[in-house]
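You will see chain A twice below: alongside chain B first, and alongside chain C after that.
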Partner chain A sequence: MAQLFHPSTNPFSKVSIAGLLALVLTGLVLLFVYWRSPYLTGQSVVRAQPVPFGHKHHVEELGIDCRFCHSSVEDSAYAGIPPTETCMTCHSQIWADSPMLEPVRASYRTDQPLAWTRVHDLPDFVYFDHSVHVRKGIGCATCHGRVDQTNLTMKGASLQMIWCLDCHRGPEASLRPREEVFNMAYGGASEELRRQLREQHEVQSMTNCSTCHR
Partner chain B sequence: MRDTGRLKPLEGSSVFADGRSARPPVPGTVAREHLRGDAAFHTGKRDGQFLAEIPFPVTRADLERGRERFNIYCSPCHDRTGSGRGMIVQRGFKQPPSYHDQRLREAPVGYFFDVMTAGFGVMYSFASRIPAEDRWKIAAYLRVLQYSQHAPLSAVADPALLEGR
Partner chain C sequence: MTETREAAPVVAPGHDYASATAAISDVVLRRKPPRAWFVTFGLGFLGVLVLFYTMGVLVLKGVGIWGVNIPVGWGFDIINFVWWIGIGHAGTLISAILLLLRQEWRTSINRFAEAMTLFAVACAAMFPIFHLGRPWVFYWMLPYPSSTGMWPQFRSPLIWDVFAVSTYFTVSLLFWYVGLVPDLATMRDRVKNKLAKVLYGIGALGWRGAASHWERYETAYLLLAGLSTPLVVSVHSVVSLDFAVAQLPGWHSTMFPPYFVAGAIYSGFAMVLTLLIPLRKLYGMGDFITMRHMDNMAKVMLATGLIVAYGYGLEAFTAWYSPSDFEQTLQRTRMHGPYAPFYWSLILCNVLVPQLLWFRRFRSRLAVLWVISLVVNVGMWLERFVIVVTSLHRDFLPSSWGMYTPTIFDISFLLGTIGLFLACLFLFIRVLPMISIFEVRTLVSPNKERGKGT
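What follows is the complex of A and B.
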């Protein structure tokens, strides 16, 4: 039987095979890029809020401590979104006529909570606890980034499981003294100090599934 | 699967007319460990008189806790030294009196606790943000601040520090 393909068609088959492989590889790379992209994780994406609250102004310019508003972060799983009363502690006097703050005043007048859009929204099957992280010496900025230098609030990290595990496998790398936890500009502890802190704070590498999925 | 319907703290819900998932407690509810049996401890007053002493022995650790809490909650207006010229005041909030005024140096410690608990003038109550025990520790630290500005020279332990005065 005569050959179906003339020898001159050989390059076509080679290019086709290589092309198919390249296509699969490109597909995989694209998938990976998509999986880590802010489009999917929401990292560094600003969400619309009822009031354009700026952390930079309140934290960096005015020097207000994180805990003034997030007052339950040391004792509870949940750091706490401040009640309208906390906003009004200052804004009953300052910018008291600003139209931008009308939703805050309306909330205070009518006793209806402000409906903020949750920026850090973990899946419902993840149980995260702020208080233990704070107590073990993990700084706010370690997970939330330099919130003090960000105007509108966004996620400082992807909050994907691999990101959690990166730290849970070797927590020592992120430790700092307890009194530096709320210092947004902390420069990082020396290796020696981190070893000591791991001892002192009794930090363990928690990678069991049930640590977070209960 | 990411959203299983579990309600997180402060998450909204369409079940109730006001859109909140957490229900406000029935008036008169006393949460566990929130019984205010010792009225003086929770109001700073006994028989209408301000307490003259902090209702528990104060340790160094208590003062350090008081300093930390003071710097978080009070210093934005009162300033870290208690002068009343904090950053929020510099931005237009009504200036509070200095803790170093004679009237406040002579005020009973229960008075400061009462102001933190009930608020005063344009200052809101901090009772929902600072637990009673911490409010007492802040009151104790206020005494430290007051002393820091009115200590006699003889209280300086190292005479070398006084040279050049």
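What follows is the complex of A and C.
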């Protein structure tokens, strides 16, 4: 009987065994990487905004406190996006004719709020409360990154569940005194201080499903 | 249709290597498929379409299209899952345990039973996945480095199920395929179509029948048999723990694992008989699947059926003997409650009717045997219905009692998987030898030593 496969096809059979395995493994690794990539999480990706607002200029260069605009961050779940009036406190006087700020003035004139593109958007099945984090001594920069040093706003973290849990499983690593919460450049508390803060603010490791998925 | 059983051989006399090889491989390679093949495959394919439709509606609308609700949160989906998994138990039992026990009569039916196992497990696996409600995230049940930072709940028997069933499927598939390799080579050498030759050739992995090939083959096959042996008992034990770990009366029992395993083998053999009796006649395989096989399988059914009957007895006894009000009430509800007809049909199908198998004249009558096997299949389905539904429909508080009525989608999902099962099985018969050719050759070998297996 004639040979079905020529001997030159032998390497194919061997390569295909290793190749299939490699293909599956590569596929899994790619999926793993893709799932964590900024392409999917939006971390460090600048989104288009109606006005190119720069945190670096307002916070670092001008020294405005976070709470001047995000006024409800200490008392409510939502940190708050400032109404156009807050912008106009200054911009009715400064850069009052800048074409870049025309949408702000238009919003003020027409009483239509600016439609900012939300950057930190948690899924609807996640409950998150800013106030409790602030009160227990988690700094803004811990989650949002060095907002004072970025020009256009971007996500400071992936906001994936593993990122939440990383902190929730050992929260004392991120604690700082309450008065340092809004200090963007805070260097980190000593171990001794963190233990004290944990005691003082009764910080617990909250990892029950229903802590966030209510 | 009576055939004498006296000294029925494992292979009918008068066969040699060539005639055995031709008889089995010609079904695929030379003979036109009989009309019944087209009819059954067509019916199966119709079932597959029904299955696709049901799945489509299910994915679009959610599990609300089923009859399940609180308190009966497990309905047809779990019943059918356990039923199919149980049917999938004959394959490994025949291939692994009977191989290790050197029961050479297994040779003619192991290929078919293993294929049946694979398709049954595939049907079974669909139910828990679609029961999830969001089947597209089924992989959350696997432990992998996920972006949620969570492991599956390893203390839940539902996760053990994932491992048990996927291991079982993988090992069964490997076992089946390794056993196929020498036969694929035979097919490669006999087929005339060029494309089919190449495909069989790839599947045969370059098998030349050299002594070194056979040596490696024997080692691999024995190792796989050893691997699958514990799986025969582990899979359905784990499935039973889905129930036994829960605190419900009627479920929370240490008896469940052995009781489930016996039931699984019972239903597995019933399904093998249900399928083999007509197929044997259709393809004239009576020379290889002889009355000896029918008789042996009937005996296995009788034995496992008695274990299952003992299980029913023990359930009732435990409830009666226990001081637990809930256990006793549940047993009374089973026997006299709204689902009592199911319970008594189950006793009829699984306990009373199979007692006919004690008698040789029934075992040797294929028509009777076939009807009994069908009855047992129905009975085993009813058993799972009684276990799942009766324990759930009477909650601890009478205010939470409720009834379960399946909807048309429950029924179409079950019929759909039966269709898928039939379609797969008939495709298998069409393209692969349904009986292990090379193992039958060892049985017809003129210098075969008696009592030695493959």
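As a working rule, the second predicted complex is superposed on the first by the 202 of 214 C-alpha atoms of A that agree within 3 Å, B and C clash if a C-alpha of one lies under 4 Å from a C-alpha of the other, contacts with A are read in each partner's own complex, and residues count from 1 in each chain.
Methods note: a residue touches a chain if its C-beta (ideal position, glycine included) is under 8 Å from a C-beta of that chain, and two chains touch if they have at least 3 such contacts.
Because the structure is predicted, anything quoted here is derived from the model rather than measured.
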Quick check on the superposed pair: does A:A185 touch chain B, chain C, both, or neither? Answer first, second, both or neither. neither
One more residue to check, A:Y78. First (chain B), second (chain C), both or neither? first
In the overlaid three-chain picture, which partner chain does A:A18 touch, first (chain B) or second (chain C), both, or neither? neither
Per-residue contact with chain A, leading partner among chain C and chain B: B
Applying the touch criterion given at the start, work out whether A:L62 contacts chain B, chain C, both or neither, answering first, second, both or neither. first
Which partner does A:A106 reach: the first (chain B), the second (chain C), both, or neither? neither
Check the residue A:V45 against both partner chains and state whether it touches chain B (first), chain C (second), both, or neither. neither
Does chain B (first) or chain C (second) touch A:Q93, or do both, or does neither? first
In the complex with chain B, residue positions of chain A that touch it: 62-65, 67-68, 71, 77-78, 80-81, 83, 85-86, 88-90, 92-94, 112-113, 115, 118, 123-125
State the interface residues of chain C toward chain A in the complex, per the touch definition above. 145-150, 188-189, 197-198, 201, 205-206
In the complex formed with chain A, which residues of chain B make contact? 1-6, 8-12, 18-20, 71-73, 76, 87-88, 91-94, 122, 124, 128-130
Chain C contact footprint on chain A (complex, rising order): 1, 4-5, 13, 32, 35-36, 158, 160-166
